[in-house]
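Quick heads-up: structures coming right below.
Consider the two complexes below, in which subunit A is the common component and subunit B and subunit C are the respective partners.
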Partner chain A sequence: MPTPSFDAIVVGGGHNGLAAAALLGKAGRRVLLLEAADAVGGAARTVDLAPGFRVPEIAHLANRLHPEVVRRLDLKRHGLAFAATNLATTSLSVDGRPLTLAGAFGERLEGDIAEAERVAWAALRGKLLRFSGVLAPFLSQVPPRLKNGGIADMMTLGKLGLGIRRLGRDDMREFLRMVLMNIADVLDEEITDDRLRAAVAFDAVLGTSLGPRSPNSLMTLFYRLAGQANGVQAATALPRGGMGAVVAALASAATASGVVIRTGAGVASILVEDDRATGVVLASGEEIRAPLVASAMNPATTLLSLVGARHLDTGLVRRLTHVRSKGTVAKLNLALDGPPPFTGLGAEGLTGRLVTAPSLQAIETAFDAAKYGRYSDEPALEITVPSATDPALAPAGQHVVSINAIYAPFRLKPDSEAGREAFEARILAVLERHAPGIGSRIVAKDFLTPADIERRHRIPGGHWHHGELSIDQMFMLRPVLGLAQYATPLAGLYLCGAGSHPGGGVSGAPALNAVSRILADGKGSSLFAAGGKSRR
Partner chain B sequence: MRRALPREHFEKPLWHTPFHPRIAALMTHEQWYGWGGYLSPQVIRDEEMEYFAIRNAASLFDVSPMVKYRIAGPDAEAYCDRLTVRDVSKLKPGRVHYTAWCDDEGKVLDDGTLFRFSPTEFRLCCQERHLPWLLDSAIGYDVEIAEVTEDIAALSLQGPTSYAVLRDAGFAGIETLKPFDIRAFETAAGPVTVSRTGFTGDLGYELFVPPDQALALWDLLWTAGQLHRIVAIGFAALDLARLEAGFIMAGSDFVPAEHAIRADRRRSPYEIGLGWLVALDKPRHFNGKRALAAEKAKNAFRHCLVALDIDGNVPAEHALVYHRGKREVGHITAAAWSPTVKRNIALASMTRPYGDTVVNDLWVEIYALRELVYSKSLVRARIVERPFFNPKRRSATPPGVF
Partner chain C sequence: MTPPPSSAGKTWDAIVVGAGHNGLVNACYLARAGLDVLVVERNDWVGGAATSRSLYPGFLYSNCSYVCSLLRPEIMRDLELPKHGLQVVPYEGGVILKQDGGYLGTFRDHDAHRREIGRHSLRDAEAYDRYSAEVIRQCRFIRPFLLRTPPDPTSLKPRDVQELLYLGRKFYDLTETEMADTVRFWTMSIAEFLDEFFETDVVKAGFCISGIIGTALGPLSPGTAYVLLHHYMGDVDGAIGAWGFARGGMGAISESLASSFRASGGTVRTGASVDKVLVENGRATGVVLDGGEEIRGRLVVSNLDVKRTFLKLLEEPQLPADFVKKVKNFKIRGSSGKVNIALDGLPDFPALPPSAPFLRGDMHFTDSVERMEGAYDDWKAGRWSADPFLDMMIPTTIDPTMAPPGKHFMSCFVQYCPPKVEGHDWTDAERDGFAKTVVDQIAEYSPNFKDLILHMEVRTPREIERETGLTEGNIFQGELTFDQLLFNRPVPGYAQYRAPIGGLYMCGSATHPGGGVMGAPGRNAAAEVLRDLKKPAKDMSDAYPVL
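This part shows the complex of A and B:
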């Protein structure tokens, strides 16, 4: 066997792959990062929509970039800056009475709303933030091993228990009562304003296969709220230069730590010899060897397609094939020849995040269609106007608009396939209602359903999180039982993508945890040792 | 092929095997039991006569309820190799081997026999149903798997005169069939597939035909067997014979991993005396390999299966095993007075190191019900070699004529 010239190969150049490669590089490993597409960044890329117009292809907000990733990779030195932090969310209403949730997760409510609602919201918001704060460490650390666990595993569990206990008696009871509830029931208890209910419920279900009344839809809100931007919990930010700036900073950090990045280099299979990963074979047939392979690709893709079921036990194969990963979010990116004319919204409103959902019930009704394999008749939208914050993204006076639309089920009934164009038209119709005349300003557009996202980015089901975020696919069960520790049954093969705990969103957290696991495993093993020590 | 259930199925939930008309005609005491959803005889006329037919003449037992899977396709060998713990690349076409298969944690799901008919066609015979497991194991393999239990009628012909029965029934060339060989024969009952296998530890054969040939096969054997004292038997007689042969049974001597509610009831092959099957060195990966390799490397087996020779003549069924008469170290999974070896024999599941490195001073506590009063006796037990009974005629080729 020839001496490997790399200590580690990272498969997949999305933000987690970049973060893992950079972190491994920082730890002294010689790393090769392989990306199938022509550019790194995966679903966090900023792309050209038309000459002079740049849009976030899929992910358009930074609300959970892990501070430890930013700090360890010194991303600020590598160019990461925010054009806006602490974005407001405005729940649009057709009657011109938008409600704005300003500050992190509606710190202040701006708009025409009853005083009693403000008081109720302040109480509920405080409670939800406290509770998600308890879960936050658990949502970022390596999930504990329940069987054969060590002291660190017990500590993680212990800290969660302690965090819950520290809430105090009343809050603890309330936490335990609520933790598995759905967001609709939670809001039914406290809030009556439709705009506010819709905005909060929307945040709970966006990116999941859940409606507001689906079980555990509060947990997904906790997941969202456990994130932070620029040091503020539950806040949302826009990087300068678009989401692609996060990718650029990660790539710069990776390159600075010696990572070799190869694009247009799709991995066809992972080499297995004597029950350990020994390298990869590219689609071109080229074979590259390294004693460590970390895959940021989907866990099922990695193990079933790249490694192959033949190297795995049936129980694990069965669990991997059962991972639910069917996306529900379509993306519509628009280039406009002028500002988007949203009713009742000033120039400042455009710099925030806009949500169109008339009511919580409207989201549930939209979900009903998805449940039965159809596109929603009345999609709910999350809209950002990146160029309003960062004018460099569009020619002067012109704009780009980035829209997430729910629900667009990945698995469609056979007769609904043709609904793709109709769904795009419905999104535009909803948009037109809130911004009359916007349609005539469109100069270019790009529309992606989950199926398109799957094709373009090799994300099974086009699911944001590489696997549904639900309680049976979270924590120690993510991606599946037996793989939650980022290690796989094959020595030298690790998972470091969003399919692993804690999940998706541009966070870098799975990569951070995976690398800490890799480095811990490497202690005492000369094979993974830093620098040239692995060479014989 | 799935038979449509008649609307009155709930009134008679146990199905009849293709041989049922013949067995029912012989049945005197209506001692039936359910085996895999089929009505099976426990005893047909007399348990002892049926047992002695196995050891002294020829016995005919209906094994149609045995679960059977057809595994075929270009990847069939690779698939069987990944599924089971033995090295299937060493199993030649026309041969059978005994094997076992495990879950991810290396716990035994079942044991059974794997028939290899050709390079690309196998049949797996076992006690439990495993279709979902077999299908999930096939992900990534070019192989077709079908349950064929209903499509194949099977008889087990066992005993010293079984060879003579087949010879006289017109199975030309049967004398050259070696143990674990499979061969197809043209007979007056149509084509019959015969393997020299069985569950008695004696000279014997298993015969497989499509269901519509079943009665013709039975009649052929029955007629040819009259001079050779053929006897139709029930499971009770077989159960004693299999214990003498030292064979274990799923559900009796170990709990199949998928049935175990209590995690500590599951057993690795090493813990039930099947360690010799596990080919850790075979080139292909197989289910449970990593767990089994780790278990072996750490010598982490928690249990072992032993054969016991127990003082006295009272069968030690369900008895506990003690070390020095005090410390509980295991339990009996099968026990009987063996009429053939004239010993009080048993199989026991022991907690290591007892039964493994600590083998002396073992005692069995036997409760015997004597006219409604239990009498308790603590008797000595000695670990002995399995099988308890292993006659030369079992493997002699050509077989002797008795």
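This part shows the complex of A and C:
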């Protein structure tokens, strides 16, 4: 048996895998990172769409890159810079009356809107930011065990309770009332303007299998608002060079800390001996051994496919089988031979984030189709024009447009399979309505449904978050009970991807938490491989 | 209409507004503790939405609520309801008729039901054991909370802290797995929850039913698993989750309560509609009836829903502005209707084997979760469901007192049915259209059904509100979502049955633990009234000690 030449193997070179590898490398471990594709970056890659045109293949906005990840890995030194911070969101309207939510989550409303609405919005916005602020510290915490935990677990729970109590009596009551509400009811209580209601509801449901009227849809908004960009809570930013720049900075940080990155090296299985992970077997058959394996791949894929159910107890297998992970967002990337002609929007407007949803009800109607496995007739879109902020992404005078469209259910009714092209056409039709003539400017495009995302990136269900971000799959229940503390029943095997708390989005937080758990388990053990079961 | 009691000018110890079952339960406990209690009721009969009415010669209609299970056994015992004539007969089974001509029966007996499920899927039959164990475990967990006043989590009063610790300890007594399952159960949709157990559409549809009845949610909406629990936490004769008919219709429950109340010296006045609650120096001091008659009381307990109590019986300036806003935002959307039918005989259902007990229970025609969700989508769009979900009963198969020999009374609970049709008030033509969809659906499975109809009473949320006063016709006096449960029900800070006005209390289903013919809100409110009066809660089992 060959002597392991690495202390740790990280499986999967998406942003979380890179962050985990880099953090372990910084902690002095010799790390090998394995990525199946020819390049690292996973769903945060920037790719060539056509010669001279670069697009964010899937993720296109930075709104939760965790400051601790940026700081510890010194990502700024490794080239991370923002082309724009604090992006505005414009809720487009076909009648040429767009409403712009400027600053972080609509700090200011620009456009004609009643004064009473501005006042009501300022109050609601403040409340939502305060409430999500209570949850923010937990993004970078290992979720506590519900029972039989240690002092650290009690402290985490205690801090959450204290955070809620510190809101003061009135806010605490509101928090406890609102926490499981749906975004539609919340908006019904305060806001009447359709453009504003649609923009806020859109943020709450994007990336989930919820409609605005589904209970718990406020929680997903809290989750989004708990994130920050460049030091500002709930802000949205664009990295210079596209989202791929985040990946590049992470890869650079990893390499600088001695991580060996191997691309084109897909892991076929994880080696298990005596309930302990001892390495991996590549698709090529090559065996690589290490006392620690951290998987940034989906938790169900990791444990059910790479490890195999025979090494796990049936309860855990059942829970993993039931993780809901069906994506709902399709991605359409366009290369244009000129600027996109959005009605009523100047060059300034193009640098922001655009949302097309005529009303909250329209989003709900779009959702209704998805419930039955059909594509929405009138999809709601989130549009960015990365080249408007960062001209290097397209040839001079030309542009790339990046669009998220909801709802595109992963599991389609048999007769809807053929609807893929029709759905793309519907997205383009919505686009054409807001930007007449845009269709004739398209020189190249790439369209990905959740099924395509699953195929390209090995993300089950093509789900952004590697598992629905619903309360029953959050925090100490993410990905499932028993795996929420990043350790697995197999000593030496850890989870460090978006399927773990706090979930997806380009944050690096799951990796940050996983590494802190790994290092804590490793204390007092020279090879830190014995830790997997120490606190179970 | 009862004549006004000859006690004009007297001051009652307590006036209870509304003789629904919670008002009567509340009044019973207050009277038993020695208070001189008057119940005032707008209708000429008692019972609110738990009534039996003779709307067609020879027939008794349970024309609103129609089955019994949730009524707390403690209340039945404390108030000696069996002695006052209440008899609950469990029903034997039920059925879902499938569109393809098949059916799925339900049986009271676990093993019989398991075998029937096995006829559709052996895997589902196996899962049924696991499923019922899980649901019963959740019921056992929640039942101790039903008869307790919710603590105010923001308060540091010893009693609130103590109660919070009690809740916390109950939770902490669970194993870690049970804790996780409980959190999941409270937040998942019933459809997702069932997906973890079952594979067959019709089996899932069968278990879905309790997750949607009375709510303005579809089976795919998160939070509906809790609604299921709400329907399961009752029992008949100790069988958890079992349902039964009250002999003589649901009015028998109200009649037995009224009888128990009178036996304790209480007074009921029907045909007396309260127009305003009298408030003097910031305290409730009585009520004013339509027509101007004043009745004085040392305290007033309202069994009406919160919107009616605070927005109709009181003036906005009498209340804190923040409270009024919360009451206005209280969600009380009606989602169901009712069609009550007198039948000339028992309808045939050719798909069913002749000797099966299916007609002696609840019958359904929605054989998939997807069809239920579709019915909900119609409601969201402001229309009644084109393919409605029906919870249909023929109580006379078990209780012959409700119809002449050989004839039958049929109760159809219908979901979904919006409080307004596409934004406008219901018209009579629309009401008839609603009834037609219901009758047509039944007739699809019963060829002779239409010919047997002698009389039909159709109730959309408009009719339900008109008769019972339930705002928007919501049968639970407010939706059962987490923002309106426990310490949030009816509004945060006022979940302990006390209104923001001294001497005014709430005892209806709008308060914890919510709707259904349970009686728990009425009882819990009585405990709080007696606590304020520093009177021992006589005959109240498991009552709080007066601190």
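Going forward, the second predicted complex is superposed on the first by the 527 of 536 C-alpha atoms of A that agree within 3 Å, B and C clash if a C-alpha of one lies under 4 Å from a C-alpha of the other, contacts with A are read in each partner's own complex, and residues count from 1 in each chain.
Everything below uses one rule, namely that a residue touches a chain if its C-beta (ideal position, glycine included) is under 8 Å from a C-beta of that chain, and two chains touch if they have at least 3 such contacts.
None of these values were measured; they are calculated from a predicted model.
Participant: For A:Lys371 in the superposed arrangement: first (subunit B), second (subunit C), both or neither?
Facilitator: second
Participant: Once the shared chain is lined up, is A:Lys523 touching subunit B (first), subunit C (second), both, or neither of them?
Facilitator: Touch partners of A:Lys523: none, neither subunit B nor subunit C.
Participant: In the superposed arrangement, which partner chain does A:Asp275 touch: subunit B (first), subunit C (second), both, or neither?
Facilitator: first
Participant: Determine, for the superposed model, which of the two partners subunit B and subunit C contacts more residues of subunit A.
Facilitator: C
Participant: Per the contact definition in the header, classify A:Pro489: touching subunit B only (first), subunit C only (second), both, or neither.
Facilitator: In the superposed model, A:Pro489 contacts subunit B only, not subunit C.
Participant: Contacts for A:Asp313 in the overlay, against subunit B (first) and subunit C (second): which applies, first, second, both or neither?
Facilitator: Touch status of A:Asp313: first partner only.
Participant: Is A:Asn216 touching anything from subunit B or subunit C once the two structures are fitted on A? First, second, both or neither.
Facilitator: In the superposed model, A:Asn216 contacts subunit C only, not subunit B.
Participant: Which positions of subunit A sit in both the subunit B and the subunit C interface?
Facilitator: Residues 315, 318, which sit in both footprints.
Participant: Where on subunit A is subunit C touching in the complex?
Facilitator: Residues of subunit A touching subunit C: 145-148, 165, 169-170, 172-174, 176-181, 185, 188-189, 210, 213-216, 315, 318, 322, 324, 364, 368, 371-372, 470-472, 476-477, 481.
Participant: If you look only at subunit C, which of its residues touch subunit A in the complex?
Facilitator: Residue positions touching the partner: 153-154, 172, 174-177, 179-180, 183-184, 187-188, 192, 195-196, 217, 220-223, 322, 329, 331, 370, 373-374, 377, 380, 481-483, 487-488, 491-493.
Participant: State the interface residues of subunit B toward subunit A in the complex, per the touch definition above.
Facilitator: Where subunit B meets subunit A, its residues are 78, 82-83, 103-105, 133, 136-137, 139-141, 284-285, 287-290.
Participant: Report the residues of subunit A in contact with subunit B in the complex, numbered from low to high.
Facilitator: Contacts found on subunit A: 275, 304, 308-318, 321, 482, 489.
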